[in-house]
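Structures follow.
One chain, subunit A, appears in both complexes that follow, with subunit B as partner in the first and subunit C in the second.
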Partner chain A sequence: MAIELKERPTPPAPRQITTKPRLSDQVFRTVVTIGGMASLVILGLIAIFLSIKGMHILVDEKFNFITESRWEVITDETGEVIEANFGIGAMLIGTMLSATIAILVGVPISVLSALYLTFYANGKLKKVLISVIDLMAAFPSLLFGFWGFFIFMSSAEYWAKLINKYLGFIPLFDVPTPIFERSPFIAGLVLAIMIIPIVTSISREIFDQTPLDRVQAAYALGATKLSMIKAVVIPYGRGGIIGGAMLGLGRAMGETVAVYTVLNVVYQVNWQVLFGAGGNVASLILLKFGEAGPYEVDALMAAGLILFLLTLIVNATADFLINRFGGKGR
Partner chain B sequence: MNKVIPAPQKPWQPTFIDKLEDVAILVGSLGVAGAIVKFTGFNGKLGYFFAFFFTLLVANFVFHFIKRGMQAAKDSILQVLTAMAIFVTLIPIVSIVATVVSKGYKGIHWGLLTKDMALASVNDPIASGGLLHALVGTIIMVGGALIISFPIGVLTALYLTEINGKLARPIKFLVQAMSGVPSIVAGLFILSSLIYPVTKALSGLMGSLALTILMIPTIARTSEEMLRLIPNELREAGVALGGTQWRTVAGVVLPAAKSGLVTAIILGVARIIGETAPLLLVSGGGDSLNTNPTSGAMGSLPYYIWKAFLTGGTPEAFARAWGGMLVLLSFIFILFGLARYLSGRKVG
Partner chain C sequence: MTTSHVTPSSLSSVASARTLSQPGTALLGNGLETRGVHAWFGKKHVLSDITLDFAAGTVTALIGPSGCGKSTFLRTLNRMHEFIPTAAMAGEVLLDGKDIYAPGIDVTKIRLRVGMVFQKPNPFPSMTIGQNVLSGLKLAQIKNSNTDDLLESCLTRAGLWNEVKDRLGEHGGALSGGQQQRLCIARSLAVEPQVLLMDEPCSALDPGSTFRIEETIADLAKTMTIVIVTHNMQQAARVSDYTAFFLSDGGPGEMIEAAPTSSIFSSPQNKRTEDYVTGRFG
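Moving on, here comes the complex of A and B:
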């Protein structure tokens, strides 16, 4: 028996299919995106505010600011600035010099350590060593600075004397007067010790990503560890290692406290790495800040701006290299 | 009838004889190095180290050359070099920890936690002052920095992992670049943006803000790594149950990544707890207890150490400074151990 319906019920209107997120998701996405922009905003603000304070110094001094090596402020009795000359040439060269020493000493040691950790150590020893090196990367620079000054300096001074004695005929290792304390060489070594853990962990991560099939193919062809590393690991990780070294360079250039304690900051361009006089932009800022008048502070801001841009460029290059070559082989 | 079960053979593993030979080379090299130091111009620890290093290289090379030929000999050189490199890497860390402990224990006493340096100078007897003000200052400043940088860091990480929009690549790059900002520049930025134009006074809050800049990249990068560890199935399950993205993230992803986020906090704190340069510029660095971050100079552990080293000169001042360093180093050890413990556990 059929049920007679007076009229057929209208089917419900089909739900509208949409990819538009709900209101809560829209809010969520907006908030997260705004939060994600924070790094952009902060970096931008750093550049803007340092420029506002320091730009007039850069405009006054033009290129002399980065080529000359003077730091003079002459004021009259009321404290008005009559004449000022600022140039951080010697400081920039000094920064580069000690950072270069740090890279030259630190990177080979780091890469070899990373090779040991990846291909030689195993089991418990490997875990312990990795933990210890990561821990060392977390040590504050203050600690490296004072350890460098009180403990490391005497050994390093002795090494500097030895180098000077046997290699003194090379102009780089010559000294005008035998003062070996607080030289760019010692600052470079302390920086090397600081960057070794960082570069080691980056290199280790890159070596870890080496495709296992290639490694085993090399072994199957009868390769020793050395020839395997030369044929597979190094070509694969070269870009990443260079990137890691650049990251270390950035850290070494921006280091303040450790360098301040182990380097004698002097206003002259000094290429003799063993001589106890050098320059460093970050240490200059710390050194001059305490006694600086308002005008001089602006010059320090300009120096900070230069340092900021320099480390930004170095870090950008490092990041580019790590991402470009980090995960790819030949 | 008893079957003889043959012992499994592992011909690729070094035999007892091989191990004995390695040890013999090592001991022999130590001996030869000793002889070189005794009878030639080399002297001191450095001389001994170099003599040992070269003897070991040569001995290994010759031994493996005789035993297995040129390829094995070259291979042994790399082995010695890498082992030496890790040894050289470990020397400073052992030396640093030994120095801090052996010099620092003299500066440790019970009054450290109850007294400040308001009435004592750094050269006074050790028992007359403490680091209460420095501890409180460090905790306030690091806590303040954490309150600001944790949300920003996690939001950045969420943008990179959950939204992964068009800007993910540039933002990842900027976070990386931000982690390379020199600490002194962070101090100068706070000076130029807030202290000179607005507050015109140094305070603990300014120290917090400077530390925030250094802390955000560490938290963002660690949280990002931790969020990437969360299996995608969890997110899919959340969405399949009808959750919106917001509900999935808040109800599934973040709770699953809880211990990872705590690790991010710990590593961020470890990154900034010993930071000195920005605090020297912006926090003022007081010697008496100050619990108000918005006004007045605020002391901190790094500043306490810095001041004791630079303005003192007596054994008391050095004991104080190394004592402070020991406290700082213990904090870092504890934080690092906690981070290891948490990240060692299973995620989820």
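Moving on, here comes the complex of A and C:
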């Protein structure tokens, strides 16, 4: 008997699945969307404002703006600008130097204090320490600057001299003339203290979330607290630590007043971190803004735009690093 | 108030197991005993007066309904109990005749000798399969020059070697739940414990994986003392030499009866044990 091959019926087209949200849901959705978009819109407007104001400076100066190190405006009697040269190379390098010092010093201290708070401190002391650290985050940066200038500078100078004495053969720690005051090193240390609160809170929160079953597994294998932390907590928290460090880096790069108070801002590229001369983009803007004419203000906006882009790049790098190295411990 | 003490007949039969079992090797040790163990969480008294012997080289199952304190009791045996901030205990736990709660005892050494496998498989996700097995050496800072052999023997004893020998470099999270649990067993074997505590090791696993782990337990019992908490009475009957029945009547958990497994299931001395093992409650 012949088998009749039936043609398979063509499957129906997929149905459109829709749902009609309730009014309350729609209202709430709108409110939340506005909230979520607000920061994006504000950030975008700032970027547009900076670009409009500063773009013609960037077009005039081209790459010199980020490679050269000078800030000259020559005007005639009527205040008209005859000639102007702008370059923030020294400021950019100074910003990155002091921010790097801040991260190198601040992050290890923060991670250790977060570990202490999570795994060693108990009861009342823990609560007191956590609120002190939160308070530190809200402390005005000007006061950090004053403290750094009047109190901290003299001891930091001593350390700088020690480093110079024993490690001076490394070009980074060399000084041309023995001026140790107001150096990028000291500014970096003040910044380090300023970023400790944020990095500590973020690390502490991630350490707190370490899955208890992994902690117990480690202890059940005869782990000491130290080996448990190394094997379980640090791999789990790595992404959070990097994220916290990047937030700290953002703060360190954008910090204005504290650096301005401590650092001796000069228009010369200086890689010698212990020498009392350095640069900082944000401090430059603060320094020049008060007496700048309209044309110079545009140049300062251009500097602001560059700082903004630098911060964006740093944050993008942070995201990349977290995705690349942070996930494994999860 | 019901008495929590073991009936005289069952106690003697458990105690006699010591003489019946083979003379302990150095690894096997002389078993584990508890004397009047109580436990509290804060002010709540959760476990009352447990006196029980675990003879070397035997498998003892702890059974009873949820909340009867059997897991808490298990965790007092390797001092994992004290990780809960408000936890307290009284009584003695004797490992080779020495109290593991005695002042001056290094608790990490106790946990090396009394290993533990948890309810939920918990391999370290940041480590590969091989690193997971050997993680105990690193954690406890034990030196071992022949890690390749140790790796193979631990995985073989845990019944996992054939499945993972070609993928030791993969991460532990890539395994199935049952394989992960056997990986956790292999991990606890690497530090050569003399006692292995298992807290419902199969409750998150499918029947096939459960069967494999029960086979593993039977193999391991030749070289170590095993205490297993289980909700599954068939499992208790299959894997254990001795069974202890725990029960809480709203107050702290108590041990109602402890005896060789066959007699617990065939001729329980206590009415409540009989009701429980025959499925009348719990």
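Just so we're on the same page, the second predicted complex is superposed on the first by the 279 of 330 C-alpha atoms of A that agree within 3 Å, B and C clash if a C-alpha of one lies under 4 Å from a C-alpha of the other, contacts with A are read in each partner's own complex, and residues count from 1 in each chain.
Basically, a residue touches a chain if its C-beta (ideal position, glycine included) is under 8 Å from a C-beta of that chain, and two chains touch if they have at least 3 such contacts.
Predicted, not measured: the structure shown is a model, and the values here were computed from it.
Asker: Under the stated touch criterion, which partner chain does A:T10 make contact with: subunit B (first), subunit C (second), both, or neither?
Answerer: neither
Asker: Taking the superposition as given, does A:Y236 touch the first partner, subunit B, the second, subunit C, both, or neither?
Answerer: A:Y236 sits against subunit C, while subunit B stays out of touch.
Asker: Once the structures are superposed on A, label A:L221 by its partner contacts, choosing first (subunit B), second (subunit C), both or neither.
Answerer: second
Asker: Please indicate which partner A:T177 is in contact with in the superposed arrangement: first for subunit B, second for subunit C, both, or neither.
Answerer: Neither partner.
Asker: Looking at A:D213 after the superposition, I want to know if it touches subunit B, subunit C, both of them or none. Which is it: first, second, both, neither?
Answerer: So A:D213 only meets subunit C here.
Asker: When the two structures are overlaid on chain A, which partner does A:S154 contact: first (subunit B), second (subunit C), both, or neither?
Answerer: Neither: A:S154 stays clear of subunit B and subunit C.
Asker: For subunit A, which side has the bigger count of touched residues, subunit B or subunit C?
Answerer: B
Asker: Looking at A:T18, would you say it contacts subunit B, subunit C, both, or neither? Reply first, second, both or neither.
Answerer: In the superposition, A:T18 touches no partner, neither subunit B nor subunit C.
Asker: Return first, second, both or neither, reflecting whether A:A316 touches subunit B, subunit C, both chains, or no partner chain.
Answerer: So A:A316 only meets subunit B here.
Asker: Go through subunit A and flag every residue that touches subunit B in one model and subunit C in the other.
Answerer: Residues common to the subunit A contacts of subunit C and of subunit B are 224, 227, listed in rising order.
Asker: Which residues of subunit B touch subunit A once you look at their complex with the stated criterion?
Answerer: 44-46, 71-72, 74-75, 77-79, 81-86, 88-90, 92-93, 95-96, 99-100, 151-152, 154-156, 158-160, 162-163, 165, 167, 170-171, 173-186, 188-189, 191-193, 196, 213, 216-217, 220, 244-247, 249, 267, 270-271, 273-277, 280-281, 302, 305-306, 309, 321, 325, 328-329, 332-333, 335-336, 340
Asker: For subunit C, which residues are in contact with subunit A within the complex?
Answerer: 78, 80, 83, 108-109, 111-112, 115-116, 118, 120, 122-127, 135-136, 138-141, 171, 184, 187-188, 191
Asker: Give every residue of subunit A touching subunit B within the complex, in rising order.
Answerer: Those residues of subunit A that touch subunit B are 21-22, 24-25, 27-29, 31-40, 42-43, 45-46, 49-50, 52-53, 108-113, 115-117, 119-121, 129, 131-136, 138-144, 146-147, 150-152, 155, 158-159, 162, 193, 196-197, 200, 224-227, 229, 247, 250-251, 253-257, 261, 282, 285-286, 289, 297, 300-301, 304, 307-308, 311-312, 314-316, 318-319.
Asker: Applying the document's contact rule, which stretches of subunit A touch subunit C when the two form their complex?
Answerer: 211, 213-214, 216-224, 227-228, 231-232, 235-236, 328-330
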